[in-house]
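The structure appears right after this line, and notes come after that.
Labels run A, B, C and D following the written order; every chain starts at residue 1.
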Amino acid sequence: MDRAKIKKELEKLAAEGLPAGQPQEEAPVVVQAEGEGEDKAKAKAKKEEDVPRKNGLIETDYAKRGAHLDVQINPDQVVKAAELLDSEGMTIDMVTGVDWIKEGQFEIIYDYSYTAGGPAFRVVVRARVDRNKPDIPTISHIYGGANWHERETWELLGINFVGHPQLEHFLLPEDADFFPLRKDFKP
Amino acid sequence: MSSLAQSQLRETFELNIGPQHPATHGVLRIKVVMDGEYIDRAEPILGYIHRMHEKMGENRTWNQFWPNMGRLDYLSAIAYNHCYAGLMERALGIVVPERAEYIRVITAELNRIQSHLLGFGAYIMDLGGFTPLMYAMDEREQILDLLESVTGSRLTYCYFRFGGVYNDIDDDFITGTRAFLKRFRPQIDLYHKLVTGNVILMDRLIGIGPLSPEICRKYGATGPVLRGSGINFDIRKNEPYSVYPELDFDIPVYHECDSMARYMVRMDEMGQSCRIIEQALNKLPEGPVMAEKVPKALKPPKGDYYYAVEAARGMFSMRTVSDGTNNSYRMRLRSPTYSNVSLFEEASRGMLLSDALAFLGSLDPVIPEMDR
Amino acid sequence: MNELIRLLAYMLCIAAFLGLNLAYLGWVERKGAGHFQRRTGPKEVGPYGLLQPLADGLKLMSKQLVVPANADKLIYMAAPVLIMVPSVTLFVAIPFGENLVPREFNFGLIMMFAFASVAGLSILIGGWGSGNKYSLIAGTRAVSQNIAYEIPMLLTAINIVMISGSLDLNEIIRQQGSYIWNWNVFRLDKSILMPVSFLVFFICSVAETNRTPFDMGECEGELVAGYHTEYGGMGFGLYMMAEYANLVIGASLITILFLGGWQSPIGILPGPHWFLLKMYFLIWVFVWIRWTFPRTTFWGLLNLSWKYLIPFAMVNLLLTALFIKVI
Amino acid sequence: MSGYFKDIVTGLKSLVVGMQITNKEFFTKPITLQYPHQSVKMYPRYRGHIELVKDPETGRNRCICCGMCEKGCPSGCITVKSEKKPGVKGKVLTAYILNFTTCSLCGQCVENCKPEAINFSNEYNLASTRREDYIFDLLQKLHPEGVPEPEVDPELLKKEQEKEEAAKKAAAEKKAAAAKKEAAPKAPAKEGGESKAEEKS
């Protein structure tokens, strides 16, 4: 595992995924989020919070967030990211879906970590899909462990993992026709 | 013989192992396609005890989510408490007094021994030996008594709080724990003599259920399963939390990659936990057990937070997405058995039925934690 | 007429002996299990739980007999009875004392083995008739186990037959004199491997009676309850009783063939009390083994039989033949 | 070949060692505790269902009916019912209903309770076949022989009565004034005045 290489490659990936019209200077947002000028960072963070985050890589403070790298990429790039991290010997921890109903988006968070010994290294890969057409390619052919996690995310949030071998009901009963973790779910 | 003729001759049948089956320790169901005594395909089916803890996390306030932590893995609930406490302390920036951290470690390790004891006993019972379970239960009862005297409950602990622990330990607990350790160490030798050295058991475990480090990595297996495959990875060492860096202990690793290796990792971990407890008791500082500045209304800043601990069955981690209100926007729980059991389908192909169940037992699944 | 009365009396005695044994061996097993496991075992019903078998029996008898929907009703109902019949019949041939034998056969040993194999058959049809996949697997397992273990068992039994030159159980006992060193276990002058032979026979008996570590047919960790998964009430009760009846027969057979039956180990007072003492000691060892060891796999069981027991039995057979011919 | 015999010897030896251990255990005393005849040792910190604490000075509960326990409870199993009684400071507890079927014994209510009015009981021997048996009124449990009347502070009572009378007077005056002001039809002001008085009492 090469931390610098992973960082560089992911940065590149995130930059590739930016919409064409966007000015290049803004592209790879490398923010040393929590540093000395905390107030400044806070103010900045506040500003950023209101709009959805742009694609890019953030080197997060491990002590505050629990992750080392945090990268947001386009949904069609998750397979590339998975292949990259797989070749570096990383493990998939979990796949999480978040329903950002106000923005009309689902966020899919992939947690990767390094479990082959040595100090821990955690990478968070995020991708956002449209809430009305929640399609994202599966990574279960790269990581067998992602299979169940994706299945669960589909079941609870309705995110469609394109190419997943078995998107069937898993935790919920077979006849469940609802997605309980969606924010507009009414029991 | 052509392959077509072969496939016609081959007659398979489906067998449902569980949800009510003695070897699954709960309501796990495995749909097995059998070819005689051999397994063609085994598909675990989950969800029989699914309670949607993640949704509860969204509906309850941060404090109200506490009791849920005791109900995921009911055998090592204190580690789960530890994870939630650590997560929120990370999010809120609370500094925990040192005494509280030591108490957390002591109780968590006692809980780990207790969990491994039950895992050991139940595993041997899966293999047909009833007696070791009862011996393990005897020791486990001592631990439960000790933990009951501090936490007030015997199984579903809800003992930790943001910024410390619910109440302090007393001298009775300390002397009781020391006495227990003194009594427990010879018992481990007894287990080894009675069980580990037994030729029948060795025959059943050695070489059964091989798991390469690669398959462990692909499926995100952690804990004794990973360490039984020769990888030295333990959150307590590799991503130290609490006061573990100040304590001296080893991580047992076995390179055989079979069920016996996983079993031995658990047995050795009990001894290491004893070492940790002993040191922690010696080092136990005086002082408060709750941080002074814990806000009444908990509102962690926006953003998401991640925290991982080493539970008895592997890495338990939580990711929470906070939107700055007094409950979580999204709570994600990563349970170790979920990942560990997900490799069962691939690894069990072509095994004998009895070997497959020995292999499943060596993964030590706890069903409520998988189903969440 | 006299003979008829004698037979009737014996039948009554056997029934009483059997009934007591079958009921109280269950108690012994549970009590033993309890104490082996730092527990107390049955305690509440009667002093030391001695009335427990009665309570168990009453409970089992008062239960409804349920036939599963896809079971073969006739076979399902017949199997538990069928497993009891040979076990009970075999008591006719067991010589408890020199003159205390219901019916002396001069082919008693053959009869023993012949009837014992019926038990395997009834396990199979019980498993098959239940219409449950677990039971079916258990049934087939039990049969192949019986086949695998009858071979070394018979090979060692032939040893004894060669030594004593008779198939009559009483005659076999008579030929082993009083005093320990005259028993077949220690008759090194007939073959130096006799103690090994005893061990082989003992292991085979454990397997034949379907007890841990060889309870492939039951296997509660894998096959739920094996061949009697679908049985409840007295059907289950009969299976349970048959297990203990087989246990008594197995222990008796070892006693007869190797431990000198009713012969006294110290040369005085030969009689049925020695027989019972030896038999119950063996039963106790069976119980002890059951609560100590885990279960082998089906594979390991066949391995043990073909790789260890059968070669040893063969070698012993050759040695015995050699010893008898040469010495 | 030597490995073959070695396997047999070590295998048999391991079996004998195992049997020795169980044999030894057979002759040691069982550790079973005969539960209904003997009872387990209970620790003071044991968390049974919650109970109201009896104040040793007054012999009554300490509850101030703030409802913090009710709010903090994750499973919503507590219902506090209270009313205002004349001459008593604060509200008076009339019923404290715990639905034990949903309680998870987490201790949030005990922690949230400022006046330390509730605590864990040591009761573990709860068994019933009816669900209703687990809906406790803790107030009744605290005072099985009947809930004592709250202590009436005469000064406070006097003050309150005065206040009430004053309020009544004011209302009456208002009413009279309103009536005087518009001897003609309308009545809405009158209604409003009345309801205000009711609220105060």
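The working rule: a residue touches a chain if its C-beta (ideal position, glycine included) is under 8 Å from a C-beta of that chain, and two chains touch if they have at least 3 such contacts.
In this text the structure is predicted, and so the values were computed from the model without any measurement.
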item: Longest centre-to-centre distance from subunit A, chain (CA-based); value: C
item: C-D compared against A-B, more contacting pairs; value: A-B
item: Distance from subunit D to subunit C - Cα centre to Cα centre, in angstrom; value: 61
item: Separation of mean Cα positions, subunit B and subunit A [Å, integer]; value: 27
item: Centroid spacing, where centroids are CA-atom means, of subunit A and subunit D in whole angstrom; value: 45
item: Between subunit A and subunit C, centroid-to-centroid distance (C-alpha), Å; value: 65
item: Touching two or more other chains - residues of subunit B; value: 131, 135, 138, 194-195, 198, 200
item: Residues of subunit A engaged with two or more neighbouring chains; value: none
item: Multi-chain contact sites of subunit D, meaning residues that touch two or more partners; value: 15, 18, 21-22, 25, 31
item: Chain-chain contacts as defined at top; value: A-B, B-C, B-D, C-D
item: Contacting residues of subunit C [partner subunit B, same complex]; value: 33, 36-39, 133-134, 137, 212-213, 215, 219-222, 224, 291-300
item: Interfacial residue positions of subunit B with respect to subunit D in the complex; value: 60, 63-68, 70-71, 131, 135, 138, 145, 148-153, 156, 158, 161, 166-167, 190, 193-195, 197-200
item: Subunit A-touching residues of subunit B, taken from the complex the two chains share; value: 45-47, 50, 52, 54-55, 58, 87, 90, 93, 213, 215, 217-222, 226, 231-233, 235, 238-239, 302-308, 315, 317, 319, 321, 329-330, 332, 334, 338-339, 342-343, 346, 371-372
item: Subunit B partner contacts - residues on subunit A that touch it in the complex; value: 45, 49, 63-67, 89, 91-94, 96, 98-99, 109, 111, 113, 115-120, 122, 124, 143-145, 147-148, 156, 169-173, 180-181
item: Footprint of subunit C on subunit D - complex, ascending; value: 8, 15, 18-19, 21-23, 25-26, 28, 30-32, 34
